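Below is one structure, written out as structure tokens; comments come after it.
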């Protein structure tokens, strides 16, 4: 057994005087940082500090573009055109890329945020321009998204590497979708249970759904929610659990 | 006589449904486009279109970062820290750079906008981080600013090429500063008079001040205000007048 | 024959240095002004000036709350919760009401803008909190919306007066909905044709649909699009045409 | 001895998903709530909830208008015109007033926030339009500010009641100004010392400055900083200390 998996986490979601998440607590345990780009969260100063902190911990840096809706934290669906999707992703990824360059590094991946992620996974008309924006900026960037989603198809169509993302702390339905937040079984609160599931995903490429059936689930990266109250402990437990099970935890390698 | 001068203009200042300036009318006559970066003006879609239009006309593309104050169009002074100045300039220039890269080109220069320009010309504590942000992103970029200003000193300190900017349609005081808008002599409304002054600046490196004295004024680039009602005609008149006087009109060459 | 109808127009949609619409040209001919409230368009200074201009022309002043999406001019659907709808409408109407009070007058009506209008007309879950927000601020305010829409039902449920709105320059489908913009027959460009239709709506309470059938259409207010290039002339033609046909043009009276 | 003093605190400074301050912890102990109005902090939903919470605790509700600079939390000076100051204050106070009305209550006071407060206290050209905006909306509102400031003069000139504000947890210079944050003696960290000072201000109308001299300081209201880590405990200690010393703690009465 020789599986490798990435642990990614949304970081840099503070804004001005507002603090969000426990970036310092999580960074020692994850391997990919999805850094907010000033639209749904983050601001230029937070971006600079987050890039510096990720770099210090050897964590791969990625852009986390979202809807320009700070009030809704990028979680509200906004009906934008494909061209607008292209433009807002290119803008945000470019802005973060500048902080990476200034820090002497470069971006490794892009993961759309919140409602934009969900909409792009389900809608080719959004997924395609997003993948194209990423490719037009840097064809070596890796796009993160749900396995089998429109985002995966668009990434492949654009010639981008794609990292299939799974969630250790979220319940799955038998069609591979996530159980909607607020529904029983949506969140896996118990860290030990989450570790067990993460190992199963990483090692065996499958998970158990909320209704008890088995789901094939091959993943390259596992998402940790940084806004859990116990995010740092959860990240540490997950990483140690994976490594104890012989899984190597590492960021995906650039396709560039 | 073999003088060369650049004609620069602020472009891409529309926002969403709002139109500003006559970009299409001005682009055939200028050689450098200062493109708004989504803070004081512009949005991602406007940025993409402006980069494409400048590219089509062979006009050098530069970033025009400003205060994040759309309501004030970047013209209101905001007391930011040097670190904030670094961060907001890096963010905005990076965002525009992405559109340039996606269009197969790259940025040539950076010119701070409005109140940020004025404050940085006068205050080393702002000029220095701005120059450093530009340098940290791309040491080949040219910084635009007033001759003899703190911005010039900062550019030189950072090892950046600096383009000294003069204004053909603004009156000068004897200390080399611009006559404040709203004061008699602040604006040169007559295009022919502006051409005469532009040629004098380009060819002889001097101008006549509002109080009639002579001012030494060596410039590498002349600014055209795109929000004049007659901006396109003014640009054309100025360009033709300069060329008729034997001045070559061309964008400054990258220091990279 | 003794019909009365209101002519309403969206006004005060400028923002900062950006100009939108021909408010001064339209105001002499309309009877109700829907004033943008600083979310999809407008800013505090524009609001003050628009209230003053409407007051000067004896035009009834109403609030025109929209999505907080200046970049999309309030035309992009945003999936907000009913509670968020309540809050954003109350906020915006309250802000405009302050300018009315300071000018010695008061608001007469509220008309949701753009995507919020369309969504609320179709969705009771949005219409209800919008009507409630208006009622909680001032039960004498009149709500504007499509006849037979959820907005009408919600207004009546909240005990508000409702003004049924029709469009003289838009084509109707046989189910009473508007022909989608961009489709043939969506816009009535010819002012004379629009006048003919406006009179038919005002006097006979019916119109002819895009496919030639007759549609019952009783309306209390007709909307004029202020962003037509010929908005002022159109407004004048419409008003004169209505009055020539014996229709009285006047704002609806408060239910208070 | 029969002194009365108000305890005021900035509340409702959360925004969207971002939490700020311990409103629930502080509300039981203060008598006036300065509620952010959606510009420097707060959003429509936060405003509604804050008004409801203040009402439940019998705390007087006031508006806390600030610069439209969420990124800078209203703490950065922005050079606005007097007319812009009038407009932004009227807008924000009006928006909050709507939530008060909808909750069946009304506003009691207005206290400018952050840099706007500091600038208006020192500059008559800003203080005057702010006082006028408040008066034009509701002449019964009480304006809060530094004793002897331009804000006091402007309030009196506009015929508004004025509440003189003092700070129990800030050091004073001998000219009555606050010791600048970051300077030794700027903050009184020890709650017991702050209580001692508060009682001295409330009962004897004087305080001891950072350099040991005595300063005459008559105050109607004491500000508690809600962003102290121990804000709730501090508020409780202060209130209990004042009451134990025979000071009645109560909101100022409307001038209306």
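Letters A, B, C and D name the chains as they come in the text, with residue numbers starting at 1 for each one.
By our rule, a contact is a pair of C-beta atoms (placed from the backbone, for glycine too) under 8 Å apart; a residue touches a chain by one contact, two chains touch by 3 or more.
Computed from a predicted structure; not experimentally measured.
When the contact pairs of A-D are matched by residue number against A-C, C-D or B-C, over half are shared only with B-C. Comparing chain pairs A-B and B-D by the number of C-beta pairs in contact, the larger count belongs to A-B.
Chain centres here are Cα averages; for subunit A and subunit B they lie 39 Å apart.
Chain geometry summary: the mean Cα position of subunit B and that of subunit D are 43 Å apart. Each of the following residues of subunit B touches two or more other chains: 43, 71-72. On subunit B, the positions that touch subunit A within their shared complex are 38, 43-45, 47-48, 83-84, 86-88, 90-99, 101-102, 133, 136-138. Residues 68-69, 71-72, 76-80, 115 of subunit B are the ones touching subunit D in the complex. Residues of subunit B that touch subunit C in their complex: 15-20, 41, 43, 70-73, 75.
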